[in-house]
Every structure is written in structure tokens, then in C-alpha cells.
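There are two complexes below, and they share chain A, which is joined by chain B in the first and by chain C in the second.
After this line comes the complex of A and B, so read on.
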């Protein structure tokens, strides 16, 4: 059964992704070129007005979609590539290997993700590929923990026992029988990881330590607009709404697959 | 109990050592050569080497770490590269500010999530909208909540001061008015996640036999809810609160920046911006040790309120 929550989430994602892919076609202005009207009010020319450098806010929001989606999906892929194998191995082999896995996961889960991401981004230098790697690295433990928990249950199932009785090798059992049964939880967590990667990346940019200018990025736009909040509230609230909307879309999808 | 606490504290030590070492290595590699940064672009290699030797940056990382840790344990975190102020003096007075912010937010989130979701009428009428509200709390970034609050209550309505921090000693009223918006900003996320955790447990507990018995005795729905279901649904919320303290620190960093609150979170962001090595290290260590201690406290509270867990 498809829940209304899932549909709402998918609707948001399709809208956002459409806006991002079509940005070069539908954006009325160049998102980086500066104009002559600074802090302009919304007009038929600049739908959401212009920022302090005269750039069109609406076009920047459209292009900002690309930045967010690239970082969000990239980070989720990195987190999945690290977290799933570790979770599978720890949960299936148990024993000493599992102990090491659990120790590692516990160590990371207790740490403040944002603070870790701040240090690592500063270390590697703020750029979109580095942010993607850092956020993926910060988020793999949650993925690993969920997969491990799922595997601990599946490995006791009768069909796994049957596979073992057939004389199957461990690698074959994990690949053919265990992994397919974790796909549901992995895809749910994938969507949630996308949402939290976008959340964290926007926070880093808001702090001035994320995506470097002049790349159109929602978090950086909120930061720039924040100083003009009393004068031009749209300058920070519009990109903030875009990022919130995107996070919500992926969170809704992830949390409705989970159930 | 005392023996248990001491053992847990000892078990923390290797983790603290490992994490602070990783922190030290990352910060050290981040700077490459702090001397080059301090002297600027035109510095000669000789001048950089000389300053490296003065500060000891030319020694192996492990030696530098041991050195730093030894002085840190004696309360000496060095001097800030930018202000030349003693790091301990710069960081210490800011810790209570961040702690106060975090304390009120956690208390408000736990109290709010458990009471609102226990009121029978509220459960009947806003049951689903409460989880809608929870999702909003989880997905709206703190900076967005903060900015919207500032716009609404400071810019438009002019009810509350925009930003800044007034200590208790300068007036309780001013302290509280400066505290409200940051606390609400920081609470939103936790209110959201605690609501989801609490609602799930509440549903499970309300199916228990003793709840049926309580209802059969003719107790009012409010009494059943607050006297019998609530206390038995608190545990997962406490565990979850303990686990999410790390995230709370992240939220505090953003919230302090939005509201210009002079806590350790804002100082941390500033120190990364200016590459202030000693300050970054000191705050990193405070955060690591702080989060681990808080986790331990949450664990102990959990053990104390749950008689089923025996200390072995």
C-alpha cells in the first residue's frame, strides 16, 4: 500500500529534481553574474528580487538545487558503500569482528556529526567533492548499525539455515540470501541519509565553512541574506524554505519505506 | 554503584585518548604549518623553520600530542594564535553558556514531548498532527527556525531582542528574553525526535495488561495516561536523549551562531575560520569529553530508573 506520506515525499523530490535538472532552461538569469540592481525588491524581471551583489535570487535558488542534490546523493552513496559491507560482515560473522564493528560504530555515533564534519571539511578544504566525502564518512555508522541489526535477525532465519545446510559458502549466503533482505532498510536509510546530508551541508554553508562562493548554494544564500533580514527577508527565507522543503521530501520518503 | 561509575569512567579513558589523538592529528594536518600561516605569504623558509622550532611544530606528531595532552591535563591549553589570550581563560567562561542552552532545550523537549503526547484529548484530536509537528521539528534546519523566529518576534512584532546574551547577574528578565528564541530553536529537533520515540513506546505500553486493569478499575483516562503509561514509557526517551547529545552540540553550534551567543560553539566556528589551532583543540576536547560524560550520566539515569537492570 502506498501511503500519502510516501506520495507527498516523492512529489517533493520530483519537483525539486525537475527544478535542478531544468535549471539551465528555466532560470531567467545567470546565477553567478552580478547585476546593477543591489538588494532589489521582487519584480517581474527578478521574481524574488536580487541579492547584495545584484544576482537574481530565483535563479540562484534553482541552481542551488543541483548543489544540494549532488552533495546529498553523493554523501548517501559514500555512506552506503562504507556502511553496508561493514554492517553485513559484522552482523553475519559476529564474534570478534562484530565486536570491533560495534566499537567503531559506537565511537562515531556518540560524536557530534556536525562538529566532525566541520573539522574534516576544514582539513580537506571546502569544495563540493570534499563535502560529499566528509558527509558520507560522517553518516556511514548509522547505516552500518541498521544493516547489522537486520542481519542479526535474518541470519537466524530458516532459509539461511537451509542455505548453510546445502554447504553454501559464507560469501554466497551473504550475497544471495542476506543482502537482498536488507535492501528495504538500506533504501529507507539511503533516503534519510540524503536528507541529513543536505541538512548538514546547508548548516556548514550557513556557518561559512561549506560550499565556497560563488557557487549557488542554499546554505550560503541563507548566510548572505541573514545580514539583510530586516530589509529583505526573502533573501534568506526563500533559500531556507527551499532547503527545508528538500530535506522534508527525502525524510518523508525514507520514513515511510521504513515502516 | 560507586565502583560501577569508576569502572565506566576508566573505560572512557582509552576512547578519550583515541579521539583526542585523532582530533590532534586532523588539526595538525589541517594547518600544515601554522608558522607559515602566522608569518604570511612572504615569509622566508628559514623564518618559518625557526618559528616551527620555537613552537615545536617540527617534532613528530605523537610527541607533540603527548606534550599537548600533558599540559592540557594540568589545565594549560596554550595561547590563542589570534588574540594571544590564554585558551583556558577564553574557553572556560563560555562553557556554562552552552550548557545552559543545552540543558533548557533537553528539559523542554523531554517535558514537552512526554506531556503533550500524554494528554488524552490531545492524543485523540491532534494525534496525527502531533507527529506532523514532530516531522517539522526534525526536518527544518535550526538556522531556518532561528531566522524565522527573529524575523517574526524581533523584526516584525518587536517583542524580543534580536540576538546577544545577557548573563543572569545583569537581570533575570533580560536573561530570559534573550534565552527564549535560542532555546526554542534548539528544542525543535529534539521535540520532534522525542515525540516519535515516545509515541511508539506509548502505544506499546497502552496495550499492556496492567493498563487494561487500571482502566477496568474505573480510573480516568488522564490518570491512566499520566500515572500509569507515562512513567513506563519514559525509558526509551531518556536513552534516546543520551544518544542524541552529540547532535545537540552540533545544533548548539548553529544556534549560537544565529543568535550571536558567546558559547563554545560560536568560538569553535570562529577558531576554524581563523585557523586558531589551540582554541580548536581545546574546544574539540571539551566537546568529546563532555559528550562522553553526558552519555555516561544518561546511562546511569537509565539504570537508576529501571530496576530491571542489575549492575554486575
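After this line comes the complex of A and C, so read on.
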């Protein structure tokens, strides 16, 4: 049965992704070219007004969708590629290997994600590929931990024991029996990782360590708007709302898959 | 952090002085009232209140209250007596004899005398002490002699024209020798001077409090009971706190910021006489900017009028060099690099730089970020490929000094003597020369100028140096910014000094 949460979440994601993909067609203005009306109020020409360099805020938000989704999905893929194999191996083999895996996961989970991301980005230098890698790297332990927990449970199941009794090799058992039973939790965590990565990259951009200007990026837009918050609140609120809306979509999807 | 050392100071004006002064003063016509506490919002990044070691920008507004300097720098950059009542230049400029004011006491009750001056200057020059001002003084001053209890003589290796102006700045702050000995390394947290205010407390990163010195030597001063400096938490928050009356004074506001204060009729503005000099700098001696054609192309590609319009609401003054009009060493008729995209394209093609990828360091500061985005657009227009490279504000300048950054916007304040900014930036051995610029002729002119006391001869030398510098382009000049202080209308008597350090020693509060 498909829950209404899932449908709502999917609806949001489709809307956002559509806006991002179609941005070049539907955006009324060039998101990067500076204009001649600075800090303009909303008009029929500029629906959300213009920023301090005269760029159309609405168009920048549309293009910002691309930046956010690229980073969000990219980071989730990185986290999955690192976290799932580690979780599978740790949970299935148990023993010393698992001990190492658990220690490693605990080590990373103990560090606050934003702080770790901040340090790594400062070291590597801010750019979209670096942000994607860093955020994926920060999120893999959570993925690994969930997968490991699931594997610990499944490996004791009767059908796994049966497969082992039939003389199946470990790699075959993991591939045929264990992995398919973790897909659900991996998908849920994937969606949640996307929302975390979008949120954290916005935070990093707000701190000045995110996407380099002039690329349209929600976090940077919130930051630039902050300087004019009392004068043109929309400059910050609009991209902030876009972040919130997107995160909500992915979170709804993730949490309803998990149930 | 030498940046603040260098970015110290700003310029003034002969002709413009009058206009600027009227702008900079909040009616001082009425009789000053005594009493009240002034709440100043600033960026609290102070590390020490011992002027011997001070480098941070924010420290100096406090230092000017707790201490006196030997000479006082006036709002027109002229020098008048402060702790030194008079001075005489002898031996063709190689010896200056200062007659000190009598009856001045430090806050700890000890006398200010010739021994104290000798102690202060010797301390700054002592290698073991490690004062950042050592570089400014040690190669210059050969000895400091106590002639009698209130006369002191400073002998220099060679005639050194900027000496007097130095003594109106950081090197001229006089600390109490007794207190320095008593507190040792903790003197920076327990400052003792002769100034109009006595240090009371300091919560690092948050606030510094000074209160009235009841025994101050200058008649009627100070008017205030005390001054509280507190971290304003960014200009946006600072402006809100000013409007609610929590703060009386904030500064470093741009014309963009001021839009937030529109309609607040109990707030007065005081424009800085000459704002900071904004420019773009690069590694002059390294690829790709060791190519003169590329440098000139970029100078012609930048549309300074547009930068001014967007970032300063058109209120900045475009610059053709580091020295603003109004300072006596300003050079007229310098080569201006007008916005000329055609010429820029032609030069780029001659330099073989079409499509060249260039990184431009982008610190977090709002104005610099805006400038960079506009410059990126303008340079890409003429066929370069500029990428903006974000860099943390706190690391930006130190990385520039380490020469780890090739291309960056920059800003400097003026200093009261031409040697101040010109030598540190453009002499091949200047301590803030982070461009690798080296022109032996410029070095020679700057060295000769600092030994020349005659202002007309000196100006002639600086004119020549300016011309060479503008040809060589270690910096692309952009503009002198429009910057403002904003204060509650009860704040009276505030006046800008062109080095951009606010001084509150003679400010008072109306009812």
C-alpha cells in the first residue's frame, strides 16, 4: 500500500526535479548575468525581485535546484558506494572484521557531520565535486551502520541458514539473499542522505565554504540575502524555503519507505 | 597579521578638507556636556592592548583612549603636540629633540618623563622583545638619549622624514615602564597609559570597558564617564542594535548598508574622509601576470564605473593610483586605464592569453564578493576564463602575504606619511609587498624621498614613483570607497581622522 506521505514526498521531488531540469526553458532570466536594478522589489518581470547584483532571484532559485540535486544525489551515491559494502561485510562476517567496522563507524558518527564537512571542505577547497565527495564521505557511516544492523538480523534467518547448508559460498549468499533484503533500508537511507547533503551543503555555503559564486546555489543565496534581511527579506527567505521544501520531500519519501 | 598594520590610515585633503570636515563633525557648536557612557559597536578581535605588540585593527580605537602618543595626528593629517610639547629638527634631519609635557602621570601614578620615552622606543627596537614595529624603527633610529628629565633626543642613521608621523601612530603610544615591569607578559591585558580613559575590563571576543581618568592632563577632557566597546556581531546586527539604542556608534558601513538605516531620523551619519583604496593585485613576477600585456588588458577590461555603481551606489571615487586627491603626495595626471574592452581583447590576443583560465581569490566580505563577481563577468567578456575561488576571510590576507594567492582584490587605508603605504607596498623590500613587485628605480625614488624633508622635492620624487608604478601595474586601482560611521544623534563632537581609526577622546553625549 502506498502511503499519502510517500505520495506527497514523491510529488515534491518530482516538482523540484522538474523545475531543475527545465530551468533553462522556464527560467525568465539568465541566473548569472548581473543586471541594472539592484535589490529590486518583486515585479511582473522579476517575480521574487532582484538581488544585490541585479540578478533575478526566481531564476536563480530554479537553477539552484540543479546545484542542490547534483550535490544531494552525488553525495548519497558516494555514501552508498562506501557504506553498503562495508556494512554488508561487517554484518555478515562478524568477528574481528566487524569489530574494525564498528569502531570505524563509531569514530565517524562521534564527529558532528557539519563540523567534519567544514574541516574537509576547508582542506580540499570548495567546489561542487569536492562538496559532493565530502558530504558522501561524512554520511557513509550512517549508511554502513544501518546496513550492518539489518545484515546481522538477516544472516540468522532460516533461508540464509538453508543456503549455507546447501554449501553456498559467502559471496553468493550475500549477493543472492542478504543484499536484496537490505535494499529497502538502503533506499530509505539514500533519500535521507540526499536531504542531509542538501541541507549541509546549504549550511556550508552559508558559512562561505560552499559552492563558489556566481553559481546559483540556495545556501549562498540565503547568505547573500542575510546582509539585506531587514530590507529585502525575500532574498533569504525564498531560497531558504526552497531548501526546506526539498528536504521535506526527500525526508517524507525516506521515512515512509523505512516503515 | 600585518594587514592591520598596513591598512591603517587614510587620507586627507587640502581642498576637500573643509567639505569633509563639515561632513565628519556632528555639531560641536554647543557647550560639551560631561557624563554618560558611550556604547561603541566594533569587531572584537583584539589580541593585546599593549601597543608594543598591537597589530589588530580593532585594538587601536581602544589604544587611543588609554594612551597618548608623542605627537597627535589631526583630522587633516597634520601633526600637533600631545605628550611632546615641541620638537626641533637638528643636524640636517638626523636628530630630533623632543621637549616633553611636564606634570603628566601614568594611571599607576608614576611620572611620564624622558626615561619613559626612551624605555618605550628602546623596547620596540629590542629584537628580544619582538615588537612588530621593530622593522619600522630599528633600521632607522640609531639611538634615543635622555637629555634631561623632560627632554629626549632621537638620532637617526640618515635623515628620516616619516619619523614624526610614526610617533603619532602605534610607535608613539607611551606605556608606563613601571606597569610594564610589574605585569610582564600580562601587560597586554592590564594596560597602563597616560590617556583620558583608564582600562577597566576586557572580556575577550566580547567587550572592552574603559572609564574616565579623573587626573587627565588635558583641560576639560574627557567628557564621558566611560566607553564600552562591544562586539557588534556583524554590520546587519550592529545596525539593528544602533536603531534600538543599544549601541551609540558603529562604523565601516557601505552605501548599501545605509539603506537599512533609511528613515531612522535619530541616527546621524559621518562619512569617512577618504575611504579605503580598493584594488586588484597579482603576483607581478610570476606567470601569468608577469606578462605586461595581460596586466594592461585586465586593467582595460575592468569597468570601474560599474563596480562603483553596484557596490558603492556610485559614491566611491575612482582611483588612478594608491593616493587620493587631497593628500599632498597625490600625483596628478597619472595614466588612467579606462574601460576599453576592444583594447583589452587586442592586448589579450597579443599576449596569447585567449581563453586562459585564471583563478580569482574570493574572501567572504560582501563588497569583495560583489566586486569579484562583476570583475569575473567583465574579464570573461574579453576572452579570459575567470573562476572565483572562495577563501575563508580569516585566512585570506595571511595567504596573500605567503604569496599562496596569485590574483585577489585588496584594500588599504592611508597613512599620514607617504612612506607609510608606498614603501610597504611598492618597495621591493616592503614588508607588505606581496606582489613580488620590484623596480630598482622605484626603490631608489622611495628611499631618496624618505630622506628628503622638503615637501616639494619629496613630492616630485613620489610623482615619479607613482608614474612608474602605474606603468608597471602591480595593482589595478579601482576606487576609494565611500564608508560611513552611524551614530545616535546624542553623540557629539565625533570627527574622523583620515587613517579611519575612530577616536573618542573628545566625544560627548547630549541629553
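Quick notes on this structure:
By our rule, the second predicted complex is superposed on the first by the 259 of 259 C-alpha atoms of A that agree within 3 Å, B and C clash if a C-alpha of one lies under 4 Å from a C-alpha of the other, contacts with A are read in each partner's own complex, and residues count from 1 in each chain.
Going forward, a contact is a pair of C-beta atoms (placed from the backbone, for glycine too) under 8 Å apart; a residue touches a chain by one contact, two chains touch by 3 or more.
Keep in mind that what you see is a predicted model, and the values were worked out from it rather than measured.
Touch criterion not met for A:6: it reaches neither chain B nor chain C. In the superposition on chain A, contact of A:133 is made with neither chain B nor chain C.
With both structures placed on the common chain, the touch criterion links A:33 to chain C but leaves chain B unconnected. With both complexes placed on chain A, chain A has more residues touched by B than by the other of chain B and chain C. Touch criterion not met for A:70: it reaches neither chain B nor chain C.
When the two structures are aligned on the shared chain, A:209 is found in touch with chain B and with chain C. Contact with both chain B and chain C is seen for A:122 once the two complexes are overlaid on the shared chain. With both structures placed on the common chain, the touch criterion links A:82 to neither chain B nor chain C. Look at A:228: by the touch rule set out above, it reaches chain C but stays clear of chain B.
When the two complexes are superposed on chain A, the residues of chain A that touch both chain B and chain C are 122, 208-209, 226, 229-230. Chain A meets chain C in the complex at residues 32-34, 38-39, 52-54, 122, 125-126, 208-210, 212-214, 224, 226-231.
The touching residues of chain C, counted against chain A in their complex, run 235-236, 239-240, 256-257, 259-260, 310, 362, 364, 366, 369-370, 372-374, 376-377, 387-390, 392-393.
Against chain B, the residues of chain A that register as touching in their complex are 107, 109-115, 118-120, 122-123, 195, 199-200, 202-203, 206-209, 219, 222, 226, 229-230, 233, 236-237, 240-241, 243-244, 247-248, 251-252, 255. Contact residues of chain B toward chain A in the complex are 15, 18-19, 23, 26-27, 29-30, 135, 138-144, 147-148, 150-151, 155, 243, 245-251, 253-254, 257-258, 268-269, 272-273, 280, 284, 287-288, 291-292, 295.
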